[in-house]
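Quick heads-up: structures coming right below.
Next, two complexes with subunit A in common: one pairs it with subunit B, the other with subunit C.
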Partner chain A sequence: MYKIILEQKERVSKKEDLIITLAAIGIAFVLVGIFIAFNGVNPFVALWKVMYSSLGSSYGISETLVKSIPLIFTGLSVAIALNSKLWNIGAEGQLFFGATLATAFVIYGPILPKPLELTVLVILGAIGGAIWASIPALLKIKFKMNEVISTLLLNYVAINIADYFLFGPWKGKDNFPYTPEFPPEARFSRLGFGRVHSALIIALVLVVILYILIYYTKAGYKLRLTGSSLKAAKYAGINIKKMMFMVFLLSGALAGLAGVSQVSGIEYKLHQHISTGYGYTGIIVAWLARTNPFIIVIFAIFLSILLKGADSLQIAMHLPAAVGVVMQALILFAILGSELFKNYNVKFIRRR
Partner chain B sequence: MTDIITILYAAVASGTIILYATIGEIITERSGILNLGVEGIMLMGAFFGFYVAYTTESLILAILGAALIGAVMGLIHAFMTITLQANQVVSGLALTMFGSGASAFFGINMVGKTLTTSFQKIQIPILSKIPVAGHILFNHNILVYLAFILPVIIWYIFNRTRWGLALRSSGEEPLSSEIMGIKVIKVRYIATIVGGIFIGISGAYLSVGYSKLWVEGMTAGRGWITIALVIFANWNPLIAYGGAYLFGGLTQLGLNLQKFDIIFPIILLKSIPYVFTILFLLFISLKGKRSNLPKALGLSYYRESRGG
Partner chain C sequence: MPDNKKNLLVHMVGINKSFYGNKVNTDVEFTLQEGEIHALLGENGAGKTTLMNMLTGVYFPDKGDIFFKGNKIIFDFPGKALRLGIGMVHQRFSLVGNLTVLENLILGHPDNKFVIKIPDKKKLIQSYMDQYSFQIDLDAIVDELPIGVRQKVEILKMLVREVDVLIVDEPTTVLTKQEADNLMKILKNIANSGKAIIFITHKMSEVFQVADRITVLRKGLKISTVDKTDTNPRELAKMMVGKENEITFERPQIEIEPGIVEVKDLFVNSDKGVFAVKDLSFSVAGGEILGIAGVSGNGQIELADALTGNRDVIKGKFLFKGLNVTHSSPEKRIDIGISYVPGDRINVGVAGNRSVWENIIMKVYRLPKFKKGLLLNNKKLKNYSEEIIKKYNIFLPGINLPALLLSGGNLQKLIIGREMERDCDLYICVYPTRGLDVGAAEFVRKAILQLRKKGKAIILISGDFEEILELSDRIAVMYEGKFTGIFNNGEHSLEEIGLMMSGCSREEAAKEMGNV
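Take a look at the complex of A and B:
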């Protein structure tokens, strides 16, 4: 019998951290490969297909970038909450609610000149997400309700609300559940590289702003202090309830922007599949990036490579669409398991 | 009147899905491990149970298969959170993702298939002849009856056996428990695996015993509702009855309102279970503190840490 001894490490060097993370991703790929092999597909061929379809052509790269836009928004959304140890598992619902509110303006509101119209849509999307996030925020602050459960349950409700409009007042002429196409004024401009659209710029600007906010402002300091120790934050005189509420609103607003970016940037209408679980993938992005906004961009792109690749596996190798979700879960498991090796020296000692 | 009887009958049948899962999660949480993977485990149980029932035409094997897959899922969570000391929230989320993905991945060929065998209703002699209540309670299949007894057994184990004591103290004071000679790590492993077994069975009851079909994502958030019901039940298996059947009743009420097409648009009625779950939680939060919340729930425990 062997006994496992753990020794707490003083600190982890950046190099060691990177090596362990890369090793974990490698292990995740092996697990995914085993999974794919179950379905009678050669995993090496599949890996090649994934990489080739998302990075092997300028079309592939542009589509990968397109997928990364909502992921940057949802990644930032989850990360900002996680900074103060709040779990926003509800980015998916906030995304839908933001998209629904913005779509309502397109349908019922006047058509404004393009810059104005888009500004209104962006603001409404953010407000929609923030409204939806304010429910679990209030429940948490007033009634101490666990935000993991409340944010998750509200996802179903937000999607039902969107469904209500899609199957009801906004139903298409052919009775299918999608709205009429948005007018050109309500569409983000393309940037001249495939379907990549200008919401990417908004996302990147927000990355910089949030980075500065988190690491170089007093508010950001308070945020991180609340995250590292609730006691210390209380002692420092921080109004924790107010802080939590603001964080939730901001988190929801960011997720709402993901919704606008999907309806105004890619789909040009609201329908049931504007998100393929971007809210949930955002959790992985934020977790992998350890809430650092710049690293979020890297992992958002990494995960969109896989998502784009999973799409092509579905088409080319007839693997079920769910392969993308399985991939994400296995990567999350591998990285999660690797944390131990970052925090401890693991030794095996033979027992007597 | 017949409408009310129909609703109550269906409340028992559909409440059973959640009852199995709630009992499983209570067992796990009492040992100090928070398992947010319920939704994923239920889906795996639902898929695998259906798959086994379809291919072997054996209902017993179907339930055993679902129990086995539930045990494996529980083992994964136990390994991640106990041995690898992973964050319990994230590991649970990963488990849910894995379960919903893998069940959809493997289950794609089972969509639209119908079972040749199914659990038959067993009318319990004498009891089922009681007016009204007899039909509501004693005209179900065997899995529903087993769910009647299960919480009592688990309550007995919790409160009247040494196993139960070891389980509860691992969730309350792991360090002192270890000193008292309880193997906390072993207890938590067992609790997480056994919890997974019951959650897996709840999935099989859903697909094989209740709706008799497999659809991707068919649990529709019941796993998350389960986690809320555990809090509602104050980690007490006996209160879990009330939570599960009350919840089953509310869902059925929603479905029945659709018939009258009143007040609310049909699609919004689908939100009733989720909204009610949140209201449940609100209600108990207003009622005061939850006395049975395991003190060490969600915290990782490392045996050697007492050595410094």
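Take a look at the complex of A and C:
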């Protein structure tokens, strides 16, 4: 008879951290495999299908990259907040609000020359996201309201605001809930590889900028300190409330950019399905990447492989649409569960 | 050798433990008998707490066995030690802050049924309090209690669990003299009822006050176990530090520069929203140490927080070098030369899971010399940290590792080094040597005296009587948010200061002592 015992760890090395994370993903895959097997499909065939559909052709690769663009934005959004120990569960709502605000300009504003038009849309998208994030920020700072709840609930409000316009003033000519198509001036250029568009460049530039911001600037230092200990940050002279507010604005702005990249990069209109939960998947991306901007890119691509793969499983193997969600959920569970191994040594002891 | 007439409760044999290649315990043997108070003596980092963490199953020995009442024990679940009857009161308390005392005491108690009858529990706990003469308000919220009381709650929690072995880790570091004496009485009571107590400490006086036997650890090695009657402080000190050293502090006369600190009619709120500092006025000159003595929880922390901008001033004024900074931000105060060595060094003084270097630069990263265009010059900042580490002799595993891996003494050296290097005009030091071993405490006290020599104004808030008397030029005694006396060091005896700490005015205290 063996018994499991736990011993507290002093610290965990980066290598251990990586091994544990990869092992957790592996275990998640095994669990997903079991789930798929229960649906009457050979899990190995399914895995092959996932990999093949998202990486097996240049079309597949380009579509995977297309899905990774909003994920990089939302991943960065959640990560920057997590860096100062704030949970932004509201990237989804900020994405919608940003997209709605940008769309409003396309509909009501003048059509500007392309570079100018896109600049305005990007700025409006960021502002939209920031406005939406400022609500939970103020609630937290003024009334100490938990940001997990407020950001989450505001998602539904933002989505319903978008719905109001889609079913109301912006309704399409054929009475379907989507706006008219954007003029060419309001569309990101394709990069010559499938539907991959130039918002990818914006995303990658932001990755570099945020990395520098976090690790090589005063603001980044303040951010790291605030994230580590509020009391110590206050003691160091940092205005914590201001810090939190700024972080929320930045986080919201990044999520808002995900919205713009969807409406101006892929859909060329606003409708109800511009996001397939990118705001929520961004949480997994940020958590997996330990908030490091560069690693966010890797995990954004990793998760878009799964998202793309799940789509094709649904189409080709008649698996339920829930497979994608189940997959993400199991990965998140495995990752959260693996925290145990980072904080404790697990030993097996033989019981006499 | 263990006394054969008494029952052996605990026997630890050949205990080895290392962390990341550093040996913390090497072949340690330890015995504990029924009804004894066994002092575990040694400097910080000697391996005392680690040894006890193995006895309570927090860590597992790399090598060696632990016997309890003659049986070898394996800690196969976290609550095992407590279930067996071994309880430990840690230096960092393990109470749930937003629950009441009662809730904390019954939390996780094995006798709890699905439905807990609060009145019955209250009666039960009252009986324990009567037995060991505790006086605690069971309905108080733990976070709102002073540290001294919280510690009693911790001890009571163990007694309610009916432990046979009670381990207390440096229990008096947070207490005043009177509170500590009271604690000693409580511990003796507990030992008299047949329970064994392991008393982790580095204070010699306490050892001779309560211990029956003493085990001395040094650098992870057991030096010796002796009966109190067979030894003397000098011998123990020698075992503890490896050499005999007598510490003397010189406080030479220096010229003072008045007007660094002027506090007028200051009122500050506590967390509960009542006045913690009431109508306080005082001044401190450059080259002067003002020692503020008092039982913890009499407004000292609130005063320090208010002077450093970490707490709002309700009424009154604080002038620093003639400048009104009553409502200035902490940042502004840091910039104009007010330094703060906080009492809670682990949670406030450093950001524990950030690296050592990030903690050292906490107050200087904004300086222009560390800028590189729009960015921070991380390399220069790291070099600056390396210099401080060298200069202040801070022992650490690595500059990029989290600060919480540092031992208490080295952590305080880091904080002191960080603050001294900034060359401020006012230093506010709160409990600067609390929990430090002899060597580190000496370092800190010498550093404070050096600041004085440089002509800095120093406000020293301490619960350590000796420290206040050794270092201060003037002494203020704080009681319920007011000074019951403020006078030159030497004007009043220890006993008179003690009386002032419990609320007597200077005149009353002098009269009281005069009558004796």
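The rule is simple: the second predicted complex is superposed on the first by the 343 of 352 C-alpha atoms of A that agree within 3 Å, B and C clash if a C-alpha of one lies under 4 Å from a C-alpha of the other, contacts with A are read in each partner's own complex, and residues count from 1 in each chain.
Simple rule for what comes next: contacts are C-beta pairs under 8 Å (C-beta built on N, C-alpha and C of every residue); 3 or more make two chains touch, one makes a residue touch a chain.
Owing to the predicted nature of the structure, the values given are computational and were not obtained by experimental measurement.
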{"item": "When subunit B and subunit C are modelled together on subunit A, clash or fit", "value": "clash"}
{"item": "Dominant contact partner of subunit A by residue count, subunit C or subunit B", "value": "B"}
{"item": "Which superposed partner A:349 touches (first subunit B, second subunit C, both, neither)", "value": "second"}
{"item": "Touching partner for A:19 - first (subunit B), second (subunit C), both, neither", "value": "neither"}
{"item": "First (subunit B), second (subunit C), both or neither touched by A:167", "value": "first"}
{"item": "Subunit B versus subunit C as contact partner of A:6, first or second or both or neither", "value": "both"}
{"item": "Subunit B versus subunit C as contact partner of A:116, first or second or both or neither", "value": "neither"}
{"item": "First (subunit B), second (subunit C), both or neither touched by A:225", "value": "second"}
{"item": "Clash-bearing segment of subunit C relative to subunit B, given 110-118, 164-172 or 308-316", "value": "110-118"}
{"item": "Subunit C-contacting residues of subunit A that also contact subunit B", "value": "5-6"}
{"item": "Contact set on subunit C toward subunit A in their complex", "value": "19-20, 58-60, 74-78, 308-310, 329-335, 340, 342, 344, 347-354, 358, 361-363, 365-366, 374-376, 378, 401-402, 405"}
{"item": "Subunit C-touching residues of subunit A, taken from the complex the two chains share", "value": "3, 5-8, 10-11, 212, 215-218, 220-221, 224-225, 228-229, 231-239, 347, 349, 351"}
{"item": "Subunit B contact footprint on subunit A (complex, rising order)", "value": "4-6, 35, 38-39, 87, 89, 139, 143-146, 148-150, 152-154, 156-157, 160-161, 163-164, 167-168, 280, 283, 287, 319-330, 332-333, 336-337, 339-340, 343"}
{"item": "Subunit B to subunit A touching residues, read off their complex", "value": "36, 76, 80, 83-87, 89-91, 93-95, 97-98, 100-106, 108, 216, 220-221, 224-225, 227-228, 231, 265, 267-268, 270-271, 274-275, 277-278, 281-282, 285-286, 302, 304"}
